[in-house]
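Quick one: the structure is below, questions incoming.
Labels A, B, C and D are assigned to the chains in the order they are written; within every chain, residues are numbered from 1.
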Amino acid sequence: MATGQSTIKAAIVGGTGYTGVELLRLLAQHPHVALTAITSRTEAGTPVASMFPNLRGAVDLAFTTPDDAALQACDVVLFATPHGVAMDQAPGLIEKGVKVIDLAADFRLRNLDAFEHWYKMPHACPDVLQEAAYGLPELHRDAISKARVVANPGCYPTTVLLGLAPLWQQGRNYTDGSRIIADCKTGVSGAGRKASVGMLFGEASDNFRAYGLPGHRHHPEIIGQLDAHTGSAVDLTFVPHLVPMVRGMMATLYVTIADSALGTDFQALFETYYANEPFVDVMPAGSIPETRSVRGANTLRLAVHRPDNGNQLIILSAQDNLVKGASGQAVQNMNIMFGLDETAGLHQLALLP
Amino acid sequence: MATGQSTIKAAIVGGTGYTGVELLRLLAQHPHVALTAITSRTEAGTPVASMFPNLRGAVDLAFTTPDDAALQACDVVLFATPHGVAMDQAPGLIEKGVKVIDLAADFRLRNLDAFEHWYKMPHACPDVLQEAAYGLPELHRDAISKARVVANPGCYPTTVLLGLAPLWQQGRNYTDGSRIIADCKTGVSGAGRKASVGMLFGEASDNFRAYGLPGHRHHPEIIGQLDAHTGSAVDLTFVPHLVPMVRGMMATLYVTIADSALGTDFQALFETYYANEPFVDVMPAGSIPETRSVRGANTLRLAVHRPDNGNQLIILSAQDNLVKGASGQAVQNMNIMFGLDETAGLHQLALLP
Amino acid sequence: MATGQSTIKAAIVGGTGYTGVELLRLLAQHPHVALTAITSRTEAGTPVASMFPNLRGAVDLAFTTPDDAALQACDVVLFATPHGVAMDQAPGLIEKGVKVIDLAADFRLRNLDAFEHWYKMPHACPDVLQEAAYGLPELHRDAISKARVVANPGCYPTTVLLGLAPLWQQGRNYTDGSRIIADCKTGVSGAGRKASVGMLFGEASDNFRAYGLPGHRHHPEIIGQLDAHTGSAVDLTFVPHLVPMVRGMMATLYVTIADSALGTDFQALFETYYANEPFVDVMPAGSIPETRSVRGANTLRLAVHRPDNGNQLIILSAQDNLVKGASGQAVQNMNIMFGLDETAGLHQLALLP
Amino acid sequence: MATGQSTIKAAIVGGTGYTGVELLRLLAQHPHVALTAITSRTEAGTPVASMFPNLRGAVDLAFTTPDDAALQACDVVLFATPHGVAMDQAPGLIEKGVKVIDLAADFRLRNLDAFEHWYKMPHACPDVLQEAAYGLPELHRDAISKARVVANPGCYPTTVLLGLAPLWQQGRNYTDGSRIIADCKTGVSGAGRKASVGMLFGEASDNFRAYGLPGHRHHPEIIGQLDAHTGSAVDLTFVPHLVPMVRGMMATLYVTIADSALGTDFQALFETYYANEPFVDVMPAGSIPETRSVRGANTLRLAVHRPDNGNQLIILSAQDNLVKGASGQAVQNMNIMFGLDETAGLHQLALLP
């Protein structure tokens, strides 16, 4: 296994979607990674750069059929596949000493029943599920650094959890325990790169709508993580909406402050909590994060508002669903797993305009 | 004054913005209206159709300088002007028997202090303000029918108020009185047709952000109306967001149900409340309104969700900010004021896709 | 058969696409049409308004399975189907006295070989093909008025042909016969409402590209019509491009003026040619048509430019690909076929913004 | 003056527009550049990152008032100003040994009369104009390497000139000399970041139109460069269009092949011509470049089409108007002027989707 600043051999399984091409963009310029294989059963033989012309000149690989031998020769395999693929292959890989990062949901819900309820399939390796780390570095850096399998979080959970995490710390709960509202909005790329009528330009452009009512798979993931983080049962309403933009995700979080915490300087509380985090930016008081300020970057930006200094916090949390919400976070996790500088390969600035 | 099905002479003051061109589109095809003048100090002499080519062949007028005589010869004057213009001219017009519909905010806040606080100007005619009707027909149809001056509601207030109104009726309060969240989203045309960096395509496209924190002028308007409707002080948080689309507005409303009302069939409650309303569509249970379903139409669509049949209602309310949220509602008000069929000139179906 | 101002019974076959919903929008408000059936094999039983919520309250029909009896009881059947469907059913319908308007390509190319080459299928009824009228009213009004079958033109051919037609008239050719360039641009709805990766919002938004090189099916249609119109072989290059907008089509046409015609006032030539056309708008000299000026309207707008008064004409031709380029033109053809006012049901003004 | 791989001190004059923020994005991560000042008269004192939040954490500078001393202490000054500013300051700077790169048009048109005709101002330093190099590295690399002042080309000229250049080489003209058509399309960011009604989201979204008829300032620039490149007078029609996207530019170029050149393999001709260019990508035969494939990257992609192997070439040329069309090319020029690796700081891959 590679460690330190040596070169890591990485493979991507299922690289024809948006998280796949984004992994390719990031890994192609990572200073310590050699991309050795990218697989796709349906596109085997197709040069990657003919499907994704932004990679012309930077990625010379062609898609190959999944091949155990090739994957087992890597240091790490990243799964950018539909749910259910990684759990079939992970046990064999970790047995050979290959680390696994799954960008799908196979290892996100530690509760087996919840997994099977929401994803409509039995879990292939419950034991591996129990050892997998939840790949939100700001909350689980140590576990990630030791993990053989990392569950890369969903994009909504990343946005919501990092927006709320500082409200429970050092044994203290700054909320009053009443219902939290997470009104969330995503760009269309969150739905992936598969043909569907609802995501056609003609359907999604110049339009706004909610979706996922009454239930969305990211809800149990958020709740599961929040309960673990807070040690209690958090009551959270989560409503996702679809925005006519390609990339970007925002959560508007409504929280009631505990009476005992009304004297808190929440701006300072958030700034201190994330002071050493390279990829979480607590913006100055009064700021409004916009999604384009993180377009293409592995940064999540937060702003904390408290209208009329009352008992309500409104937290705005914005990130790029394909970067900090998916592939960038996967690279961040990989860096941690291999003892690299956590920011290696992730210095891209957001494209604005 | 024209009544019944005879022809109404209408003028528009300040027709160079988006509410102006939308009034023109609607009035140009209204079966009982003769458009007699459209004024603009800066564009006097310019043919309307050279500024708004969609009207070529349908509107032959040119912009003229505001001229009291011409306006006083009309039956109704619609003000599509910045805040503060209508209140200067309204007293003179109503004295001559001309009805006034103001699409700006001059007559929306009956509380003078609130008006002057939020709009940073003294009110020119407080007495007229007191007699003006608030032009939300579903709540104030009778008052509108008798009014000399109608304050056309703001787009957000229309969206939020119609989404919440059924929760207080016949002396009963179906909410538990705790804070209501109105997480709102608008298309860019809501900001009007004036040059500004923030509304450039290069700034607003492929982007999502909140705005109006910590305070937005539509908040006191919503609160003022809600308090009047409910007879109590409603605690409502209102956060607007900007969506990269031209038209459309949506409110996601989070309400806690009163314990005593947990047995209510809210779908039926809403359907019954709006059963006879031509422009409010309570969609079937489980529906998700999308803004494009009302693009160009004077319809507001509602859906009522109650996750897990618990104590929370999530109401989705969608309309076109330029039609039911502005110019269409103004025409609806005009129809009521003149005893016309309330739907006259408002039969356009939404453009989808 | 209905004639004059009586009510026409119309059916739509295959109404689940964009031309289908647009036909529904137009026919639902047509003063002389009763919509009696809309068929879809896959969606039989689904209420139309649940698929297209803009039609809620205006269209009460549900999709039905195609049924010969029901169609034969109509006065006209409009086919909004994939290529190859109408030609199977047209012979049986016209035999029963039912008129047929095909919005697909089955009757557009009179040359059988060309049809079979470009559409990769044998033609089911070559005799009907020979009698079908090409439904461009501005060029073929008489034939349409007498036709049993009308081939509704393609969107590109409509845009290009109406832009060029005045250059050959009364036996005179105003061009020098050298190659004409038609650089064309379309909104995404032109690709229809079927799931495809290339038309996803994530692929088509914030992007511009050509397509259809080296050959597009509308090229032989344009050429065939131009040759018939001019009585000669026109050399025309046609390159389509995809614009990230929902509706709208524009052709930029580059033509070299014949030496003998250099003295012509082309602005006047175009204005005169289209003087009595209700749906072709020759804009004033110096104008630039924009696609949004016809969004939702059955109007094609033209501007004629001649840089430095030299030997080159640049003609800009803009229309809504779903209206004048498809469903609006179909209604216009229907009006002509049944002796109705040609503009009946087509008075909608474009939605701007 | 810095040379080789030492650190270059760079300043930006006028950094509040889109080319300014793009320069900042690129220079902030350039391995051999220290950004020492960024000036703006109107925004002096504002932290750069508060105007452009994508730069938070990467650019710590605030805008300062233009100050000769500070600029003269730099190695290079880049002007991202309106036309007319650089020519006032350039003479003083180069006298002090500071190199100048102007992203505006002050040094693009060597012909004084043409400059004054198109830009409506006298030229402040005609002598400097004569020595300035035209900063298109693929055509003028040597001159750039020796220049004190570089005129960074317009976005359209870059797109058109690189698309056509291979057609005249080694004394041979592959065209027949007849008129060339350059039908061009740009994203909205090309109009800059200044408040204007026409570039509002509400005006430019979901819309397509031509502009710049009958004359655009980039036309004489293209013609001047083409004439110099070919040694003859090229007849070129240039029509720009506005596309509802933020970034990206495409030219569709129509050229007639000389009879004597009909046997040429144009695919090979282009590939050979650009074989060693790091930022020009001649795509494989049959390709269609799309603008998003270069979004954020300093790459121009070309495809060469020859329908039916006839006498017409259709060349598709795509780039990002803010990168290869402006700020990226400026950095490329800077690299050449200072003897750095020409690709330093320009390795970003395009963001797709």
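Definition applied: contacts are C-beta pairs under 8 Å (C-beta built on N, C-alpha and C of every residue); 3 or more make two chains touch, one makes a residue touch a chain.
These numbers come from a predicted model, not from an experiment.
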| task | Would you mind checking which chain's C-alpha centre is most distant from the centre of subunit D? | result | B
| said: To test your reading of the model: what rotation angle superimposes subunit C on subunit D by C-alpha positions, in degrees to the nearest 5? | reply: 180
| From the C-alpha centre of subunit A to that of subunit B, how far is it in Å? | 40
| subunit A and subunit D, separation of their C-alpha mean positions in angstrom | 37
| task | Report, in whole Å, the distance between the mean C-alpha point of subunit A and the mean C-alpha point of subunit C. | result | 46
| said: Two or more other chains touching the same residue: where does that happen in subunit D? | reply: 18, 189, 193, 202-203, 205-206, 244-247, 289-290, 292, 295, 353
| said: For a test of understanding, state which residues of subunit D touch subunit A in their complex under the given definition. | reply: 18, 21, 25, 28-29, 52-58, 189, 193, 205-206, 246-247, 281, 283, 287, 289-290, 292-297, 299, 301, 322, 347-353
| List of subunit C residues in touch with subunit A within their complex | 18, 188-189, 191, 193-197, 199-206, 244-246
| said: Residue numbers of subunit A touching subunit B in their complex, please. | reply: 178-179, 181, 183, 185, 187, 202-203, 205-211, 213-215, 237, 239, 241, 243-248, 250, 252, 254, 256, 288-292, 295, 305, 307-308, 312, 314, 316, 318, 353
